[in-house]
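Going in written order, the chains are labelled A, B, C and D, and every chain counts its residues from 1.
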Amino acid sequence: MTSGGDCPGLNAVIRGAVLGGIKRHGDEFVGFRDGWRGVKEGDFMNLPRGTVRGISKQGGTILGTSRVNPYEGPLGGPEHISKVLKDHKVDALMVIGGEGSLAGANRLAEAGLPIVGVPKTIDNDLNGTDYTFGFDTAVQIGTEAIDRLRTTGESHHRVMVAEVMGRHAGWIALHAGMAAGAHAILIPEVPASADDVVNWVQEAYDRGRGPLVVVAEGFVMGETGEAYSHLGLDEAGRPRLGGIGEVVARIIQERTGIETRCTTLGYIQRGGVPTAYDRVLATRLGMAAAEAAHDGAWGEMVALEGTNIHRVPLSAALHSLKTVPKSRYEEVAVLFG
Amino acid sequence: MTSGGDCPGLNAVIRGAVLGGIKRHGDEFVGFRDGWRGVKEGDFMNLPRGTVRGISKQGGTILGTSRVNPYEGPLGGPEHISKVLKDHKVDALMVIGGEGSLAGANRLAEAGLPIVGVPKTIDNDLNGTDYTFGFDTAVQIGTEAIDRLRTTGESHHRVMVAEVMGRHAGWIALHAGMAAGAHAILIPEVPASADDVVNWVQEAYDRGRGPLVVVAEGFVMGETGEAYSHLGLDEAGRPRLGGIGEVVARIIQERTGIETRCTTLGYIQRGGVPTAYDRVLATRLGMAAAEAAHDGAWGEMVALEGTNIHRVPLSAALHSLKTVPKSRYEEVAVLFG
Amino acid sequence: MTSGGDCPGLNAVIRGAVLGGIKRHGDEFVGFRDGWRGVKEGDFMNLPRGTVRGISKQGGTILGTSRVNPYEGPLGGPEHISKVLKDHKVDALMVIGGEGSLAGANRLAEAGLPIVGVPKTIDNDLNGTDYTFGFDTAVQIGTEAIDRLRTTGESHHRVMVAEVMGRHAGWIALHAGMAAGAHAILIPEVPASADDVVNWVQEAYDRGRGPLVVVAEGFVMGETGEAYSHLGLDEAGRPRLGGIGEVVARIIQERTGIETRCTTLGYIQRGGVPTAYDRVLATRLGMAAAEAAHDGAWGEMVALEGTNIHRVPLSAALHSLKTVPKSRYEEVAVLFG
Amino acid sequence: MTSGGDCPGLNAVIRGAVLGGIKRHGDEFVGFRDGWRGVKEGDFMNLPRGTVRGISKQGGTILGTSRVNPYEGPLGGPEHISKVLKDHKVDALMVIGGEGSLAGANRLAEAGLPIVGVPKTIDNDLNGTDYTFGFDTAVQIGTEAIDRLRTTGESHHRVMVAEVMGRHAGWIALHAGMAAGAHAILIPEVPASADDVVNWVQEAYDRGRGPLVVVAEGFVMGETGEAYSHLGLDEAGRPRLGGIGEVVARIIQERTGIETRCTTLGYIQRGGVPTAYDRVLATRLGMAAAEAAHDGAWGEMVALEGTNIHRVPLSAALHSLKTVPKSRYEEVAVLFG
């Protein structure tokens, strides 16, 4: 089952698991529909080999997804879910999901259910794995979009602001910003003040470029928002309405007098054809998850370490998010301005 | 000079004109900076052959652009501009611009200035030419983005709304929507009511898809906005704040109960590497404009007709915009729902 | 039915025809498999609405294709084919094919069969239509590939030769070469001598670039091949073995002493996701072909003229290929060297 | 200096080093032209900040490259090169190169020269680092091309063979083949017999697909070539003329009777815009190399380990290539057929 927000590579995980399991062990697979909803309701589709043909390059998930919680409602909890699995002769449940889903999976595994996990977050903010699939695609799409913004900024002598995904962690902004040569990158982990931003922008502008600012959606302006209340910043340094990118653009324009435009990349970052990197990573994770199930590695998930796929306890991915360390940000910030 | 909003292909026009003029006639070229501002202030750069090397594939314009009007201010008007051209021994001025710039160019040409035009509008809404460069790139980028939205919509059983460029004409929405297989396309020329939109969306949803709606930024909801005032529609059927795409998304969600998300493509549609189609069209227009100048075709512009580049009076592009004919829209609307 | 070499946009034609026919007229559609083979053998699949869902962006053809001739063999000819159509209650046959298939279609229509045509050639060499679908995608893929070759050529101070499709007509080479800024474009219609090529290449090299040569597969070296027999050219100016691009590269290297490399783009030009331009054109052609069938426009095909789709007799596309006129080539050749 | 074959990301390394060095330490940079040739001849260009503006996304190398050896000829060897560096007040030399260049760099460093290295190989076959920049771009381009081949193969019921780079190591074939869902991947490290290949292909064909075979250029047919001598295989299992992909295609066609076509991707794999992944990796390596120079880490190179950039002795990358382990290949081979 696939759970939570969709992510490029989900179908490659499914294909890797199904092909690997069938060819190595003669397994049979079913796919529960729409995440935990399908598990709870026993709603599934058969997954013979033909159903995973050519799906690695498709975005989204052929199984559908939802944000349903495995513990809520009358059908929630280990007893009912265990019954569903047994009724349908499911020997192992593979949960492809983010922190919430893996937490649920962990609780169910602790309650004795035969569950293995595959970590999924487009934001790359799960611990226990070097990278998660989908992240590379999001960074690539973001970089291509920002490359496009740059030519417009330079032609019009404007500041271009791009808001990218990243509610709690700034990995997408950090990587796409580095790749596109941004003059400022603003992430949730490191508050920057309006003065910082204005300095970076003005410096780049004075060298004759159209400055480029990349902002993660979860960025918080590092000072009381009162000074910019009239531009839509609230007291906590967050936007009162709409996205933080728009507010940052307004502040830059008011402070520097340079025309400033914001583009919010939105959902185009998470859909569509995955990069080759994500397809390879996802396929390997899927194959490894099928092996984990055969080894009865309940309560574990498959993860990337260096160039290897290995297993770690589900708990390794829980409790705290993998955010951008200050040192890593400062390394990049050298390039600003 | 390049004037108005930037557009993929501007640099290919410049290169085509410069290489064509140099190789056929031994011409010398200068480029005025930032549109009419540079013309009025006599601010230009020399354009020897080396400066246009490899620029066809660059977005934006190496000359910079602005929205300055050639008639405004103390440096405006034919007398001063004529003096600038003579002072710098400029025998012909090539104006690459949209309706406003070409109108100014036409007035100046009527006043006796040696001016030829190249039509430019990313929205494809200029009369006198089959297509304008930049449009194909905008449609391509829009289509790729909407392809990405589609997989997310289908995985989450959501309606996805994409807002694309097109303030007065719906060509980008029409073409990108057709290419991406949208279930509804909403354009400025043809008001659709909330009932229409909801029917199209619901029908597509009931057939098991994630419905896809493409909205041009200039779309007007075809009924009094009062009914949806609480969702941000004003009395004229326009958004009170933000973009029309967001408002359409809110109306769909309220009326159908299906989760609906909007992405506004924004500036990524107009920057970056032009498609091959636009590079070829722009190169041909640039070469033809250099010939037009040699023929003293003042007051004319170069244009595409079928597979040929020919000349038409600048006035052919003025007075009214080329909008989507109702018959053309209805042809496409057959595919909706 | 789809016949001959595959071409990006075939599926969009099918979808346009099926959706248009169903929604406007309540038609039913079947698709014959693998071109004329399926027609002759009565081998087809039903095409209800769901089967064409989302296929516009898929390369290839869901119906399969072949190079079978409708007149050959015991199952060939109008009588048997007419019987197949009647047996399966097919009221109209839509032939999507190139010159050979359309010639067969024309003969069958003249024999009284209810046939309409859709012109298909990735080389854009059919008369009777401004452009054919698939051509834009081939040019776009070729241009992107040549853009990539260019950076390698410049870094290594090498000449890069790219061989593109075009057996009889040089349209792809002409457009991709213009778009990528080639220093020489060699096409079947216009013989160039080794001296010409060497001059163009040397001139570009001396200005400090990595020269870029685009060669159509059908190019013929315009002099007796004897002088370059040791490099693989035959007496007719064609390669004795392999492609003409390789031979041109060898000649350039021997004559200029500059390291020269050839890449033959091959099949990557004809497969995969169509451009938005091709999807729109193909969808419009498909819809118009369904209308043509309803109007009983037997023996006609749908075609692009300017911005309109109209109908012309199938014979308009036969008898001679649409090759690159000398004047059009010379216009572009101004940019060489 | 950049040395050896060009590789997407070279310019990002240069930019990372220059910006990092200038902003952290106020360094000055020069770039030697065309690899060791420029070093030996003292031929260089100044690299003030403006020269690296926006170059991360450009393929190739702004410095040019060559395959010149630092030890050959009258200008070779440590004494002369040391003199060049001193004459031009170069305190540290950063060598961005492959195994050959790094071996030269190591020898020079052992002779006392102030040299740091950055590992470069598009084939990903250098030891001492998890991945090298350029590899991801080559895999991505290869995957996109193979995706395109697939639709043609399926429409024509043909076998499509793609030959990709990889003379000694099959990493590109392995990753692009996995990403594109190949039915056979043939690499230099693991000989496969014609029987193996034919079985994999036939099995895929029988399941109704157009089989897809990815071959690295260095693949060796695992049996005496005599049996296929008439198809161009030599006794060592290598092609007598041209590429191994063509020979494999001929063998498949003869043995299975299925039409088979080969496309050799060639130089398009190494040029052009780098992926975001490669730009980020290359930028980080460049910045780290500037730091290494400041720390006097002579004889060391910067490398990727997991998510970190660290330093290893140059010797770690020498002596043996990093080839695909048999276990890794067998893991993937499960998916074949």
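The rule is short, and it goes like this: a residue touches a chain if its C-beta (ideal position, glycine included) is under 8 Å from a C-beta of that chain, and two chains touch if they have at least 3 such contacts.
As the structure is a prediction and not an experimental result, all values here were calculated from the model.
Annotation of chain A and chain D: not jointly contacted by any chain, touch as defined at the top.
A centroid comparison over C-alpha atoms places C as the chain most distant from chain A. Distance from the chain A centre to the chain C centre is 41 Å, each centre being the mean of its Cα atoms. Distance between chain C and chain D, defined via averaged C-alpha coordinates, is recorded as 34 Å.
In terms of their C-alpha centroids, the spacing between chain B and chain C amounts to 29 Å.
Of all residues in chain D, those touching 2 or more other chains are 144, 147, 150, listed in ascending order. Chain pairs recorded as touching, per the definition above, are A-B, A-D, B-C, C-D. Residue ranges of chain A in contact with chain D, taken from their complex: 15-16, 19-20, 23-24, 49-50, 53-54, 56-57, 130-131, 136, 139-140, 142-144, 147, 150, 175-176, 178-181, 207, 209, 275-277, 279-280, 283-284, 287, 305-307, 331, 334-335. Taken together, the chain A residues at the contact with chain B in this complex read 2, 5-6, 10, 34, 58-61, 64-66, 141, 144-145, 147-157, 160, 242, 261-268, 270-273.
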